[in-house]
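One structure below.
The chains carry the letters A, B, C and D, assigned in the order they are written, with residues numbered from 1 in each.
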Amino acid sequence: MNAPTQHAQRSAYYEAIARQRLTPLWESLHNLVPKQPCPKAQPAIWKYAQVRDLVMQAGAVISAEEAVRRVLVLENPGLPGKSSMTPSLYAGLQLILPGEIAPSHRHTQSALRFIVEGQGAWTAVDGERTTMHPGDFIITPSWTWHDHGNRSIEEGGEPVVWLDGLDIPLVASLDAGFAENYPQATQPVSRHEGDSFARFGHNMAPVRHRVTDPTSPIFSYPYERSREALDALYRNGELDAWDGVKLRYVNPATGGWPMPTMATFMQFLPAGFAGRSYQSTDATVYCVVEGRGTVHIGESEFAFDAHDVFVAPSWQPVRLFASQDSVLFSYSDRPVLAALNLLREQRN
Amino acid sequence: MNAPTQHAQRSAYYEAIARQRLTPLWESLHNLVPKQPCPKAQPAIWKYAQVRDLVMQAGAVISAEEAVRRVLVLENPGLPGKSSMTPSLYAGLQLILPGEIAPSHRHTQSALRFIVEGQGAWTAVDGERTTMHPGDFIITPSWTWHDHGNRSIEEGGEPVVWLDGLDIPLVASLDAGFAENYPQATQPVSRHEGDSFARFGHNMAPVRHRVTDPTSPIFSYPYERSREALDALYRNGELDAWDGVKLRYVNPATGGWPMPTMATFMQFLPAGFAGRSYQSTDATVYCVVEGRGTVHIGESEFAFDAHDVFVAPSWQPVRLFASQDSVLFSYSDRPVLAALNLLREQRN
Amino acid sequence: MNAPTQHAQRSAYYEAIARQRLTPLWESLHNLVPKQPCPKAQPAIWKYAQVRDLVMQAGAVISAEEAVRRVLVLENPGLPGKSSMTPSLYAGLQLILPGEIAPSHRHTQSALRFIVEGQGAWTAVDGERTTMHPGDFIITPSWTWHDHGNRSIEEGGEPVVWLDGLDIPLVASLDAGFAENYPQATQPVSRHEGDSFARFGHNMAPVRHRVTDPTSPIFSYPYERSREALDALYRNGELDAWDGVKLRYVNPATGGWPMPTMATFMQFLPAGFAGRSYQSTDATVYCVVEGRGTVHIGESEFAFDAHDVFVAPSWQPVRLFASQDSVLFSYSDRPVLAALNLLREQRN
Amino acid sequence: MNAPTQHAQRSAYYEAIARQRLTPLWESLHNLVPKQPCPKAQPAIWKYAQVRDLVMQAGAVISAEEAVRRVLVLENPGLPGKSSMTPSLYAGLQLILPGEIAPSHRHTQSALRFIVEGQGAWTAVDGERTTMHPGDFIITPSWTWHDHGNRSIEEGGEPVVWLDGLDIPLVASLDAGFAENYPQATQPVSRHEGDSFARFGHNMAPVRHRVTDPTSPIFSYPYERSREALDALYRNGELDAWDGVKLRYVNPATGGWPMPTMATFMQFLPAGFAGRSYQSTDATVYCVVEGRGTVHIGESEFAFDAHDVFVAPSWQPVRLFASQDSVLFSYSDRPVLAALNLLREQRN
């Protein structure tokens, strides 16, 4: 058959099958089954120096109560209109002013809070309030009632900003989102602050506790301890050529991730660190806790300072350089890839 | 502040933050965190009587070798242009003619084959060929070399059609797709047919085998046995008001799913069965093996006959009715939802 | 201090501490913490040709009902008075005559039955009866009601002999034995024969089944299938220099052992097989199904024929030789050692 | 048959089968399969006031180096000559004087150290030394090199006494003991003190760590933290009617037990606590850290003071009473019973 005839025949055939909601795989196979990941998400950075004023102005634009959550969403430029940082992950900067309440609700999306600046705010989960300090990592797991609040100015409350990390795009792509508002603005406090940490945070556990879900029973991982661990290891001589000193947060009841959809990490890079390149199929959002340096992500290069947020999409080579002692918090969809046997890593 | 002023102020603010790739969560929160799943995928059915001729015509339109995989993709009308049945799952009807080869490749996407009609074809996985018979469920797991072929007409080969089920959209949404072609059209045969089944299929296992991945070590689940199991249970009086007699396929090395991203099921509905309604966050693709009946999915109602394919999106209530003794094969993304603690089910 | 003085001083001290129920570790350390296992159990064999008549005579000595279980216990000569084959395991030959009942009871000890000879007997577990055929492996798990019976002579019943394997010494050493008699001689039959196998035996499982204990949900592993698996592998060229062709029985709901305290195996040795030596910390009881050969265990050497039973204590090197095609069933305490991280193996 | 005839017949038969190393199960069934546990181990207490002088005198009787381990074994009066506290567990009081070394070795037996009194000693495990303080719980897992030492008097060393808990009887009963001496008295120190705790003790873990065995990667569980956890829970109002406030020690890499054969617990009983009775198939050894009270175990009643050691055999009802605020450390073979599905508990 000559080519024009074949083309005409195929076009007619494609029209015929389209009426039955059928398409020819052979025309799209290469896109559907690519040789390697081709993420639409782009490497990007948000400089805190440029966005901080806008975050604070949000306090005048809308109240925490009206907003329910007063958050500026960091939207990946490669995923316009999707309120997404990566195909799985969401990131936003939330502001809560002294005396405000972000009302109680719950949803099947898992959420993490990484405190950027300010003192006096709290997060309540399952009846227990946790005070938030810069550098703390706090979780509000799937389907747990949670609300946030801040002390009044009289009590020493300051504007508090944190990074919200959620699996909103993932849950949307699985059509698995449910949400519910609590009848009151705040849920009742039924347990003392620190209660869950006393039960599970000290390498011990209640004698009759049974693990029934994959979520961490502690809600707060204080920066004080994370930093102490990193410092001790660095003093002991630990320094990986790719990672510096890097720990992952752990669900102490299982040794697994704190939540089933998002991994979280904290790493220390000493001044002068020039990391080697690695790549992984989990996409990662970083938040700089302290320090200054540079990151290469694929073809992009970004200078980073404290409180900046940047993103490395799937399979983009990442290299980290520190000009000052630096601490980076990060989160990714690694547990999802690991659970589905789709995690692939390469150290270059 | 009066409303027009507030509106103007907010618009100006939204423009300012957009320049920093920031968006106001409070304008989109309800869409991002819905009260319950609102799938774009629609209930739909493909009547085999209407598509069979088109499938067979594909044999004249393109060769198996040129196509690599000669498949008509069943595209959900709610997901146009996405080659998807649900946000996670792909379905297609593949045709292989006598004497043809579908060349060997591998990819991180997991694939299942459910044989619809025809005798004589085989699938090779990891050096072992399996003959395909109607009703057999066959897997080609993530990153395993696999190819398909068919006996020549002289050897008794017939056109063989099967349903392909893959996790293509899921892997795409995670930017985790890798693929590779085998240097030759077919991989060498290094093991006798039935070898993996002899090792693992009889409730026994090689004495020194260690489980290192979540994938089933058997590649073929013959219809003969599945049907025998369903029949025995029905004779014994088993009949669930929602499911009839329903079994899931099992990885005999773990008791888990045959592959980490897709669950597969087979169920028997006796003539006259009128199932009660249930809904679940896993989306399910059904393929009718035998029989005739009706299915209600959400607001839709479809009559089904042997070899028809239909789809129930997430959280749509499903009711099954059988006018004849019927057997349904189905697959869903249940392992994904279960692994991520996002599986929710309701029997109404 | 001179030696006699020291000796006297120590003796006085030892008497003083003995009054407080204290003993000096340093006098017994080498025995308590040996360089390697020094089992008291000895290699031994029971020739079926020598014991069969005695087993049959037991039928005249006592009724099954009076005996509760009419069993001759195989007692390891190194463990006199302990009714034990190894420190963990018990073995006995049970006889049930046509028309007899071994009354229903349950206990925390796990039991296996390996059928040696005869047709017509059944075992009932949890309301389901299983017919016993030579070579079948049948379990009566911990705390399940179980009874045995045999067809009458009129119905074709024959004297049936099987090997009982239990973890009696292990459970005794843990002070964890509980037992209870059923109010009637036999429990009611509530499920058809083959029901549990239909649910779980075909690499499928009921869709809503949840695994809540480590015990296999199938009670019978028919010889027909085990033999088919071994034969297929041998035809395919499988032959391990130590094991021949060796499979372990599997709990299809988990991939683990059928019961949490005893592993079970079946292996095929072709005529002329001369196995290499291996040793392991699990002690193993063998029962010859078919064939003839020789086994070396430590310093001992035994010729074996069909139905003979022999035992290899912990860490004794074992070598198997077959003069005819042979099939060996075996059971050991491997799951115990594996669960406690005490399993050590060596292939010499 | 009349009774004398039957008796004679049976006796003759028993003699005949004895020659084949066979015994009649029906004569011993009730003992082998008891209605409920009948432990030979007895409830017992060792009053520290009565044994402390003897422990200290051991320092003059033998050197740590000659003894290898200078330990007085607490031998259960119901298990004479067995150096055992329970059928599974061993307990001993070890003394190390200033300047002494207990030389390095390893064995498959798992060991725990619970520090009773004295400052200045250390335990080394896998190249890392841990300073021992009263109330600390320290592990030397199976097959890890370990040695102990004490500072010189000049450096402030004091006689240090700790309770050793091992699974010696269990490992003996499984014929699974291996042991080896290190070529030098002490193993080289290759890691800073606190290194493993920095890696795993703070609800974090090294990012690339893979769990490959069931043993805790932290060697020391300091009393300071355990006590802080108990105190916080008691202040929060936690008080169980059976247990008071009771936590178990956890392997932070898995959430499981620190070692696969022994569970460890610490509990707080406020002054005036009168616990309800419970019983369990795990046998438990208690060591009083602080306080004073009474314990009922089966038919026995013991007054306890700080540093006393007492034992509750399997299934003996236990009731705890505190006349002062009391803290009890305890260990048991619970992981063994749990792994083998033999754990049974009852709260009366």
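One rule holds for everything that comes next: a residue touches a chain if its C-beta (ideal position, glycine included) is under 8 Å from a C-beta of that chain, and two chains touch if they have at least 3 such contacts.
These are the chains along with the protein names UniProt gives them: A, B, C, D = Gentisate 1,2-dioxygenase.
The model shown is predicted, which means the values in this text are computed figures rather than measured ones.
Enquirer: What chains touch chain C (Gentisate 1,2-dioxygenase) and also chain D (Gentisate 1,2-dioxygenase)?
Expert: Output, common partners of chain C (Gentisate 1,2-dioxygenase) and chain D (Gentisate 1,2-dioxygenase): nil, no chain qualifies.
Enquirer: Determine the centre-to-centre distance between chain B (Gentisate 1,2-dioxygenase) and chain C (Gentisate 1,2-dioxygenase), using the mean Cα coordinates as centres, and give it in whole Å.
Expert: Roughly 43 Å, centre to centre.
Enquirer: What whole-number Å value describes the gap between the mean CA coordinates of chain A (Gentisate 1,2-dioxygenase) and chain B (Gentisate 1,2-dioxygenase)?
Expert: The computed centroid separation for chain A (Gentisate 1,2-dioxygenase) versus chain B (Gentisate 1,2-dioxygenase) comes out at 30 Å.
Enquirer: Hey, how far is the Cα centre of chain A (Gentisate 1,2-dioxygenase) from the one of chain C (Gentisate 1,2-dioxygenase), in Å?
Expert: 52
Enquirer: Which positions in chain D (Gentisate 1,2-dioxygenase) touch two or more other chains at once?
Expert: none
Enquirer: Name the shape of the chain contact graph, picking from line, ring, star, complete and other.
Expert: The chain contacts form a single closed ring, each chain touching exactly two others.
Enquirer: Which chains touch, pair by pair?
Expert: Once each pair is checked, the touching ones are A-B, A-D, B-C, C-D.
Enquirer: Using the touch definition from the top, list the residues of chain A (Gentisate 1,2-dioxygenase) that touch chain B (Gentisate 1,2-dioxygenase) in their complex.
Expert: 9-10, 13, 16-17, 20-26, 28-29, 32-39, 41, 44, 46, 50-51, 54, 57-58, 61-62, 66-77, 83, 86-88, 90, 92-93, 107-109, 142, 168, 170-180, 213-215, 260-261, 281, 283, 313-315, 333, 335-337, 339-342, 344
Enquirer: Can you name the residues of chain D (Gentisate 1,2-dioxygenase) that touch chain A (Gentisate 1,2-dioxygenase) in the complex?
Expert: Counting only chain D (Gentisate 1,2-dioxygenase), the residues touching chain A (Gentisate 1,2-dioxygenase) are 191-192, 194-195, 198-199, 201-207, 211, 218, 221, 225-226, 228-229, 232-233, 235-236, 243, 246-255, 265-267.
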